[in-house]
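Two complexes follow with subunit A in common, the first pairing it with subunit B and the second with subunit C.
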Partner chain A sequence: MAIGVKVMHRPQPESTSYLRAALSGMALTFRHMVNPVKVTQQYPEEQTELHPRWRGTHVMETHADGRPKCVACGLCPTVCPANCIRLVGGEDDQGNRYPIVYEIDEFRCIFCGMCQEVCPVEAIHVGQHFENAEYTRARFVYDLDRLMEQDHPVTNLWDPSDPTGE
Partner chain B sequence: MEPISGVPALIAMALKGPIIFGIVMVVVAYTTLAERRVSAWIQDRSGPNRVGPFGLLQPIADGIKNIIKEETLPATASRFFFILAPILVLVPSLVTFAVIPFAAPLPTPWGVVDMVIADLPIGILYVLAFSSLAVYGVVLGGWASNNKYAFLGGLRASAQMVSYEVSLGLSLIAVLMLAGNVTLTEIIWKQQQLGMWFALPLSLAFILFVISAFAETNRLPFDMPEAESELITGYHTEYSAMKFSAFMISEFGHMVTASAMMATLFFGGWDLPGTWDDAFWYQGQLISGFAADGSVILANPAWWKTLLTFAGFGAKTALFLVLYIWVRWTLPRFRYDQVMSLGWKVMLPTALAYMMLIAGTILTLDTIGMTWGFGYGLALTAVSGAATVAFVFFLDRGRTIAGAAAQRAQRVEVKTIPGAVARAGR
Partner chain C sequence: MSTTPPTSAPTAAPSAPAPATVTLTIDGQTVTVPKGTTILEAAKTIGTKVPHYCYHPGLSSPAMCRLCLVEVEGAPKPQPGCVTTVADNQVVRTVSDKALGNRQGVLEFYLVNHPLDCPICDMSGECDLQNYVHAEGREHGRGVEPKRVFGRDDFGGDVLFYGDRCVMCTRCVRFMSEVEKDERLTVVERGNRSVIDTFFDEGLDGTHWSGNIVDICPVGALVSKAFLHKARAWDLEHTPSVCASCSQGCNVELHTRDNVVQRVKPRENLDVNGWWMCDYGRADYEWMNEGDRIEAPLVRQADGSSKAVAWKEALGGLLARAKELQGRPVKAVVSARASNEDLGALAELVGALGGGEIVYRSPRSAEEIVLQGFPTLARRKDLAPNVKGAELLGMHRVGADDATGGLDKVRAHDGIVVVLGDALADQDERFGASAALYVYVGTQLPVAARAAHVVLPVTTHAEQEGTFTNHAGRVQRFWPALTAPGMARPAWLVLGALVGELSGEAVPRTAADAYAALAEAVPAFGGLAYPKLGARGALPMISGAAVSSGAKGA
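On to the complex of A and B.
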C-alpha cells in the first residue's frame, strides 16, 4: 500500500534574480530608514487616552463634608466575584450606617465593575486609571482613606444621563 | 616644512596612539547604538531612546551593565583557551587601525606631523595579516566552549573567513598594481595624482572587496558563524558579561576598520575633491604635486586642512558603516553552501580574471606611453566598467546565487525505484 503524500503545487520560477531582489529590498528599507512610519507611542510622555468604560483603580465617593458615601450595606463584598473587598460596618448614634473598615485588595480584584453596578448609593466606583505600581505587596490593599483620596475620573459603566438604563 | 623629529616626534607619537585608540573605541561604541537605532527605523520602531538625549548614553549604559554582570565559565570548557579567545579576537580588530592615515599632515611649530599612527612600509600587508589573525580567536572561542553550537560556529567561521580572505587579497592586488606600493599613504597620494578615487578605475575590485569584507567581518548576509536561528549565537554562545562584550567590540571594530579600509583604498582616504589638500613626503619634502617640467610643488599644510580632511575621512567611513548596517537589516542570511559556492566559484575566479585584466590594461597603457593622470584613470574606468557590467550580468542569471526554485531544477528526480516498490507492495 502506497503512502499518500500531499504535494503542494506552488509557482516555481526557474530562477530568481538575487541582485534585483536585493536592490529592491535595499530601496524599501532605505525608504523606511529615512522616513520611518511612526507607530510607537512614547508611553510615559504620551499618555494613552482611556476609553470611557475603562475599569481601573477604585474610587470612593465622598459627601461635601468629607464622609464616605458608603452606607455599609454589604452588597459589594457579597457580589464581588474575587472576594477582594473587606467591609466592617458600624452605626453612629443617629442610626446612620458607615464603614469602619473598607479595604479593597487591588491584587485580587479582577476589575469587573460589579461593585459599582451593585452600589445603591453610588459610593464605590472603578476608575479610568491603571498606573498603580507599588514597591511592596501590602501597599496594594487600599484602605478607606486611600480610596477616598483617589482623584481620577470614575468609569461610566452606563450613560450618566440615563442612570436606570431606560 | 620639515618632518617632526627628536623629542617632539616621540611626544606626538605618544599622543596620537591613545587619541586615535580612544576615537576608534568611541566610534565602535556608537556604531552599536547606530546599528540599533537604524535597524529600528528600518523596522518602523524607535530603538533605544531612553538613556540620555536620543539614547546617546546607551553605549555607556551597556558597558556598565556588561562590566557588572556575572562572568560564567562552563564547567567543561577549556579554561585557558576560553579566556584567551576574546583577547585574541579583540586585539587584531583594534591594532589594524594603526596604519590607516586619517587626515592631511598637521603643521606644528616643531615640524609637520603625519596623521597616521605608524606609516609602515608594509601597509596593507599588516592589515591583512592582523585581520586574518581574528579567525583564530573565533575558532578558539568556539572550540574552548565545549558546546556543539559554538563549535559549529567556530568551524563555519574558519571555513568562511579563510575562503573570503583569498578573494579579499586578490581584489586588493588590482589596487596595489595601480598604486605601485603597499603603503597606505602612497595609495592615497596616487589617488590624488590620478584625479579620481580608485572606486572608479577599479570598480569591480571595489565590489569584490566590499563583498569579501562583509564575509570577513561575519556580517549579514554572511553571518554563518553566529547564525542565531541555527546556532544560537555561534562561537560566543557560552560567553557572558565583558568577554561577550569583547566579541561584540571586536565585531564592530572589524566593521570600523573594514569601512576605513574601503574609504582609504577606494575612496581616497582623507582626500577631498580638488588638489588643495594633496600632501606627500617626496625626497624629504612635503609636496602637493609635480609641475609640468618635473619639479615639485611644495605643499602648504594648515590646521584647517587637517581638520577638514579628518572630517572627510570620518564621513566616508561613516558612509560605509551605514552601508554595513543597512545591508544587515535588509538581506537574509545565505545558506552555508551558497556562501561557499559564492566564495570559491564566483569571487575567486572573478578576482583572478579581473587581476589579469587590470594587469593587461596597465601594461598596455604604459606601453603606448599614456601619462599617469586623469586620462589614464578614464581608460581604466572604461575597462573596469565593462568588466563590472559583465560580472553583474552573469551573476544575475540565477546561475550561482539562486533561490530554492533553481536548486530544485538542478535536483535529480527519482521517478520510480523498482526494488522499493516491490518491498512496499509486499
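On to the complex of A and C.
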C-alpha cells in the first residue's frame, strides 16, 4: 500500500472568530466558580494522610526512663545496603550494652526499612514523616539524641498481631 | 590427654615401623586413619565436622556434651565420636536421621536455660551454639518454663563470665587444670544449677595463660574484658601474623576493623604454640594502633629544622652524602622487633657503605613462664620477636636487660650512624650529634632523632609482609593487617633501594625477593623461600648450628 498523505484543511485565522472558543472557556471557568470541585490540597495547613507503610525518617524508640532501646547489636549497620548507619557499642554504668554513637545519614539512606526489620529489640524504626528540610547538609546526619527526639509516628512494616504474616 | 606436641614426624617416620591403620566408612566415604584415632578426628580428615562442645584437641575428652553422638552400625545406641576409637570396617553415619534427631534433641536441651541474648553477646557470629542451632536445631523453642538466671561474674584477669550462656562443656576448667596446671576454676552445684566458678575470691588474677579459656569457650560464657562490646565477629578481618611480644613466635591472627587491631587470637601451630598464647602477647596490640607516626621522610635543613620531603628527594640526598662518606666506619643500632628482611637489608647497607658494627638492644625478663601442659610453649626471656634473627645476621646485643644503655660508642661516633627501629628512649637530643651522617629509620620520632640528618618512616610488622626467626631458629611469616600511615614503607624496601643504588645490585620489589636475597647471602636462612615457609613457618634446612644454638638463645 502506498503511503498516503492526509491533507488538512484548517480554517485560516482571518476567516474565523475566536469568540466561540473564548466563550466556551469562560463558561467552564464560571461553572467552577459556582460549583467548585476541590482538588487543591491546602498544604501545609492540611496534612496528607500517609500510607500505613510509608517509610520516612527514622525514630529511635526509648524505654520509660529515657534510655534508647538499642542494644548496639550491630545488625542494622550490617544489613544496611546504603551503609548509612554508624554504630559504636559500649557499656553503660548499669552494665547494659548500649550505643555510644549511633548515627544515620539520612541523605545516604534509601529508606528500605531493613534496619527496622532486622532490629531484634524493635528500637530503630522508619517513620511516618517526610518534612525534613534543613539549612545545612550536616544536619541530615541524625545522631542518637536527635533520633530519640523524633516524635512522629513510626511505621508498621508488618501487622503486629501477625508478625510472620501467616 | 593429647597435649604432647608431635615430634618431628617426617624424620622419625622412616626408622619407626609403619603405623597400623584402620579403614572405616563415614557417611559413605571410605577413610583410612591411624589406629587409635577417634571417630571425630577421622571425620575431620574428610572434611566432616561433627558438632561438639566439650571435645578440644588440646584437652582430655570427658564426652559430656553429648552433641557428637554419631550412629555406629551394630552399636545399640549412638556413640560419642570424641572418645570412640575407630575400628576396621566400622560404618559411621554422622548425618543420618538418628544422628540428626539426637543432635536436635540435645540442642533443644541446651536452649532450655540459654538466655538467647545473641544481640548483646560478644560471641555472636562465631558461636558454636548459634551455628549448630541455626544449622540443625528446631525452628521454634517449646520451652515455657522460666529460665534460671546467674547474671555475670568477674573472674579476674581479662575474663568475664556470663553464667546463663554457659553450656557446661568444662573446657575452661580442664584447660586450667590440665594445660596451665593452676586449678582456678571448678564446677559448683549440680544438675540444672551447676555453674563454673572460681575458688572464693581468688579468681584468675595472677595466671599467665587464662586468656585461652576465652578462645576455647564454644559459646559466649567467657568473654574478654578488653574486647567487650568492641566489634562484632563478622566485621573483623583476620590476618595471620606472628606475636611480637617475645621470642617464642606464637602464631597469631590479628583481628582488625577499620584499620585498627581489635584483638589478637592464637593460630594453631603444633610445632610452636599449639592452640595457645600467653596473656601478655594477647594484650600487646595497642602499640600497633598508635597514631603519632612519622608519615613522611624528614630531611634536616641548614638552619636545623626538619622538612618533610618526597621519598625520591630524601633518598637522593642521602645517597649523595653516603657516597661522599663511603668507607667511613658505620655504627648501626637495630631493634630486634624488625623482620629478617629489614635486618638483612640493613646489614647489606652497612656492608655497601664499607662495613661497620651493628648492635641491638632488647628487653629481657628475669624468668621464663612455661605453659606446664605444653612445655614447648613459654613466654621467653627475650621480649622481642627477632632476637635470633639479629644474632644469625652477626649483630650483637648491648645494653642492660631493660633495653637501655650500651650506646655510648654509637652516641659519640663521628662516622655514619644508622638507627633502625630502636626508639632510643634513654637517649637525649644530643644522640648522634657528632656523626657525619645520622640516619634514623623508624616508626615514631623520638627526642634522640632530633640530630638526625635524615629520618625515614617505616612500617611496623603489622603493616608489612616479612618473617621473624623465633628462639629455636624457626622462620615464620607474617602478613600485613593494617594500612601503613602516610608515606611509611617497609624498611627492607627503603634500605634495599639504597643498597641497590650503592652497589648496583637488583633492588628487591617484594618481601619474597628480600627474603630470597637474604637466604642467598646468609647461610643460616638458606634453603627456605616464602612458598616453603607457608603459614606455619619452617626451620632452615641446613644449619644444625642454628637449631642447636636455639636452646641457649631462649
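Methods note: the second predicted complex is superposed on the first by the 124 of 166 C-alpha atoms of A that agree within 3 Å, B and C clash if a C-alpha of one lies under 4 Å from a C-alpha of the other, contacts with A are read in each partner's own complex, and residues count from 1 in each chain.
Simple rule for what comes next: a residue touches a chain if its C-beta (ideal position, glycine included) is under 8 Å from a C-beta of that chain, and two chains touch if they have at least 3 such contacts.
Just so you know, these numbers come straight off a predicted model, no measurement behind them.
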item	value
Touched partner set for A:G90, first subunit B, second subunit C, both or neither	second
Touching partner for A:G74 - first (subunit B), second (subunit C), both, neither	second
Partner chain(s) touched by A:G25 [first = subunit B, second = subunit C, both, neither]	first
Most subunit A residues touched (candidates subunit B, subunit C)	B
Partner chain(s) touched by A:G113 [first = subunit B, second = subunit C, both, neither]	neither
Subunit B versus subunit C as contact partner of A:M33, first or second or both or neither	first
Partner chain(s) touched by A:Q42 [first = subunit B, second = subunit C, both, neither]	first
Interfacial residue positions of subunit B with respect to subunit A in the complex	38, 40-46, 49, 326-327, 329-331, 392, 395-399, 401-403, 405-406, 408-409, 424
Contact set on subunit C toward subunit A in their complex	118-120, 124, 152, 228-230, 232, 234-235
Subunit A residues touching subunit B - in the complex, by the definition given at the top	1-2, 12-20, 22, 25-26, 28-30, 32-34, 36-40, 42
Subunit C partner contacts - residues on subunit A that touch it in the complex	71-75, 78, 89-91, 95-97, 120-121
